[in-house]
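Take a look at the following structure, please.
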């Protein structure tokens, strides 16, 4: 039988949300008051990556469908490499499983050294999935040996925190890269059977007004955040309006039926060139079967549901739609300010039923859901509906450094800063985003032609 | 003898700055109090384009050295097409010289119709230079017939103003595109003999401090500006420092000698990929002859002068240099605010001796000059030296719409708005920028890998 | 444990050369006098493909390292598709396992219909290896049901024969494509441990003289051959000399050390452009480690052995070497005539110890061996040494139709004829060529830049 | 006025075929019995190149429309460079006009040194047309000084002969490259007004039978030929049939209307890929205006004439047409043998009214003419109609060395031999081929996708 990526976890285990014991970390240890909470999160995070891979065959885990995407197996190895490289090797007391992994699984850290070419990750068959899982065990065990009893320095704690968040970011990429990979197969393979979430009553579209003034943007640094969310700083916002929910498939189809993809007047120049060059006629994963639009999902091909937010659109499409609608996209600051002022109590990762961990555990189709009337029961009237953890929302803001931003010293300084060019900020998190990353200050960024993330549209206007 | 681009103007005419009479517009008409001042500027602008082309052969005017650049002859025709298309045709009382020019010289206006492919402009030999100059005469005459006696409507006046500014923008491009074209010839051809400006005492480098606060940015709209400079709006600026002059060749050479082009840690990820891909080792037009760096100029190949501002660097190089120097580039708002607050009296186009029209008339080498102690005699101590009309200065700001920006209706709405993607703002104007465009609110924009404009570096820090 | 491609065959089974029983075909049936000999060969051929894949993981079987190469799993499926499409479906009494395989595993038969894009075969993870092996079983069973008792028509017999030969051709490709795939991994993975064959005494190089005259070339059609070997026809050969063995690594290294890869005078114009473009400095798979050349083999990285024939060179390199040596390559007719006249008794597939099936069964490294004094004990003095089944020998002949050639009607007409453009003929078979294909009239063909087959050099001169 | 390429020759001069005097060579010298006949041909050949360029503007002479084509001005300079490099410099008594021309106008001679990149020839504006003509004068004068009185050594005589033939080859390229360049202009520019030749009665299509046997192919070397035509050698030809005239537009349109460009079964695999990739639907220069096919010619756009031979087809199209017609293309040997046996008296360059020099002088449209009943009055019944000097005829033969071929030593060895890869032989010469090159043994060669020469189709079958 072909190897399955997870070790032993069955579907029921996943559904409960209660990760099963593995031999390296017993539950007693987890309960141990001396046990480090961060290491506990480490263990859960590591296990969750493998749970994502669990339904997949060795072959599924091997595909690289485009240079921007990576094979699942590479994600499993690279996230492991991160802990090995930035935590274990510096201890001076660690022997790597295989020294050649240093370059093989280095994504882009020039400070660490050479990197195996990014666009050729799909050509590496060894270490295979089984050996990769052994590599994970090996590093996990070393992590326990070195850090299992709470003896982390502050610096190590900081790197460990980054490593956990790093692996969580890759969990989202595992899902989106996989979706792209499977979509290349005309057989429409299913990652996991599942139905999309049902919603009784759609939220009616309306505008939320925001007054002019100086707003504060960015993370306050009191809990973990990425360097690019810092420092919190002041911006001046002229008055603006922002939509109370994201654009739906129904609305987007109106744009399409109005010749949206055929009329250059709605498009950025680069966007129009891209539409022509790639022959785009609809969002990614859509295809028309007879008179009916369908979309490829992680649960196979399904009919388009009109009330769901449109998804897998590029910045170019988001911008063109907005222009067609006589609106524009919000800036990052407008978006962040609007979300934060609409929040009546602190956002907590656990509060929403459809954020990613739960979604993955739930067995539903991993896909954005419609924005219901009561997106959150306690939401203020002017709260932004489906802002968080449903679809990433393109902003009109180029991904640039905040005033006073400093990249960390050393290799981890390459984490964010060097990508601040020709990419645009996305806010809010998607149905595939790990809960902990769904916060208003989080800055996701992709090139304007990218469509393989769960990306949608929220309108604004002046 | 091969045709020369100018009609009859000799070098002396250019040196005096006094454009010669052409038969279509006699000086009496210019002196006529009923004559429209705008039409007078039209005539002078049209004449100046031809003066730029005057030293060139028919062959020189034909080359397209890269898709981003255009042949001189195309510039001469396209700027003419602009008036024909947006002013003459709408009168309903104009017969075009050749209907096929409508698409042949349409640069990118989808609203007007089809366009001859941009990257193939060098393949068009007809209309040749002589016929192109006739096309100019034909349109100039029609302009006089229609608008020579001041009967312009407000709308027409607005389009005429844009058309003049449009042609002036192309005057700068004529020089920079030509420089690139000639540089492809191993014979190092000379556009026009000329020496670089000499400066006795370099300005010492220092930092100008700017306090935090709300600043106003953008054009006030009281005189002509492009749509992208509007609307004037408020921004909040955290405190920053900005350099009192641009980075010199001497300073940039230190970066190069410190391995600047070999060390990825200074570079944006895309920048480093570009350096590798294109084999960059120095700014554009530089080449090392023995142990000595030289640069190709519009007056042929010359030795690098250490006190001159470094020029023909990409955004990637500007950013890498700044990182190497422990600094950063200024944002557009920081730059504009710093320049405006340092100005003791209103900037006027005529006040500086080295702005472009004069430079072209002066017979000097068209090249940035060193920043002297007294860049402007009346400048405040904290004025930015060589900010205006010497080298374009890369800012860290992506070229995006100002809050409340609206593209004009119709084809002219394609002028600026649709290019707001993956390009960065440059400020200040260069030695090749027409005087009237050298204003603090002007927003020039180029892709981060572009190097063929006269682009340099001004540092900032927090 | 990750799936292995073979069902149950262990290494010992392979070493004995005695294929193990599988449940679909019992040995009794094979021994049955009523059993069709062709179906017997079918069974053995099918089994041998799986034996080739047997040492590989599911991941190894998934890689497509370049558009010209295919994943092992694809080869396993496509060869199955061939029988399904051209034998089973026409019976009208066959239900395909999955109708979507018709286009998914169609290589290039436009007459059959659409084809999944060739360069994306590595993006297909499903059917996975296990399911692919089931697909093979399914088709094998249907083949038994339909044709297991000798009831084949002549047409069916002919297609079956082609199908078997087709699968054998893919067996060679499985090995060469796999070698290329594994070579992309910096870990130098081993397909199968094995030593290269040892030879005591090298054959001394000498020239064989052949007189002018009309020779007969091409297959006589009395046994199976491909359409492109027909018809046998007359050619006139001017007198020539041909080398008695292939060029060795030692000889090729002299060329390299004499600046062979740096001196354009030896190269075809396209060859020199290729050398520059791809940065070739040695044959494919060679790399210099310190002062010592090594080569990647199917048994991992090994030192270059000087007496072995040089291998994995392109037509360009073969031609350049020949020019450097003051010689030339033989034409196809010269080669074929020289081989045929030197044969004292009919070539039989089984007579040579190092032809491919045996080689694979032997457990030696699948690599060309040195040409010993007694290449064949019964060889005439003027016999060509190592002509057959060691390295493919590039000829100077473009792959063109023989006079009177007719492609078969229907889809099988696409088998050979449509590739007669910009490819050159290779003769003799390599260490990876199935024995039955090692015949003097066989016409292999590859583009002049191809290097991933076991291709070497035999010199000729006028 | 823009420069014209010819110095002083008017249209009448061209029409008379009597080249006008230029100051470097007076007619007295030409009449001088001591004057070398070869130098006389030199002068006439040089003059004729300029006559070809005479109707062109400086701009027309500057365009490079694709890497395979060159600007007229480059042709004028490169042919001059040839004499300078291979005849004048070796005298040791020659000072070049500009040393940098050595690399600037070197086409592909690695033995001479560096070459300016072939695909950038259109970026060189200097030397301009006027200076290029001066360069021609300078070299012509030096040629007279050195060789004007018959003091040529045998080696020099041989190189001079090659140089003259080389320039004549470029004369054909000047016309075909120019046609391609002008065709990129939507204005359909006219090189020279002219009507296509009229023919009263088309030759009826029939087959000429040729028996099997050993034939002799290649040039006998008694007069000038290129190295690639040597040595004359024996080939065996199986019996074949060859068409008595070329395929007409009428016949080719039947292929098109039968779905020729939409049905893969007629095409080589590479050919079909090319059709798809480039969107071919007709021969080059054809476009459908309404329901009517037109073609771009050197005299502008004209209606397709059904009786004319189809022209500007690639090898792929020729081969596909032949397959559609149930035929094939002839091999080079079949073609040459068929032509030679049908000739009743020696071919002389002057005998045919429509060969190129005359055509150019005649003022007719430079385009193939229909094949009349009496193609040549003295032709045997089985002579091939329109075989010579009308359209190049694609053969199925790859361009390979003849048995015993030796490239000359030194740089001139690069003339032909190094291009023997991935190109196919064309025979017969076209309406643009200089008369002296229209001989049965001449071997023209182009890549199978090339269409910009005057290339047509002659059918054969077995």
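To keep things simple, chains are lettered A, B, C and D as they appear, and every chain counts its residues starting from 1.
We adopt the following convention: contacts are C-beta pairs under 8 Å (C-beta built on N, C-alpha and C of every residue); 3 or more make two chains touch, one makes a residue touch a chain.
Because the structure is predicted, anything quoted here is derived from the model rather than measured.
Looking at subunit B and subunit C, the chains in contact with each of them are A, D. Of all the chains, the one whose CA centre sits at the greatest distance from that of subunit D is A.
Subunit A and subunit B have Cα centroids lying 41 Å from one another. Mean C-alpha position of subunit B lies 46 Å from that of subunit D.
Centre-to-centre spacing of subunit A and subunit D amounts to 61 Å, using the average Cα coordinate of each chain. Listed for subunit C are no residues, as none touches two or more other chains. A ring topology is adopted by the chain contact network, closed into one cycle in which each chain touches exactly two others.
Of all possible chain pairs, those that touch are A-B, A-C, B-D, C-D. Subunit C contributes residues 1-3, 57-63, 65, 73, 98, 100, 103-104, 116, 120, 122-126, 128-130, 181-182, 184-187, 189 to its touches with subunit A in the complex. The touching residues of subunit A, when paired with subunit B in their complex, are 108, 110-111, 212, 214, 233-238, 240, 264-265, 267-272, 315-316, 328, 331, 396-398, 400-401, 403-404, 414, 418-422, 448, 462.
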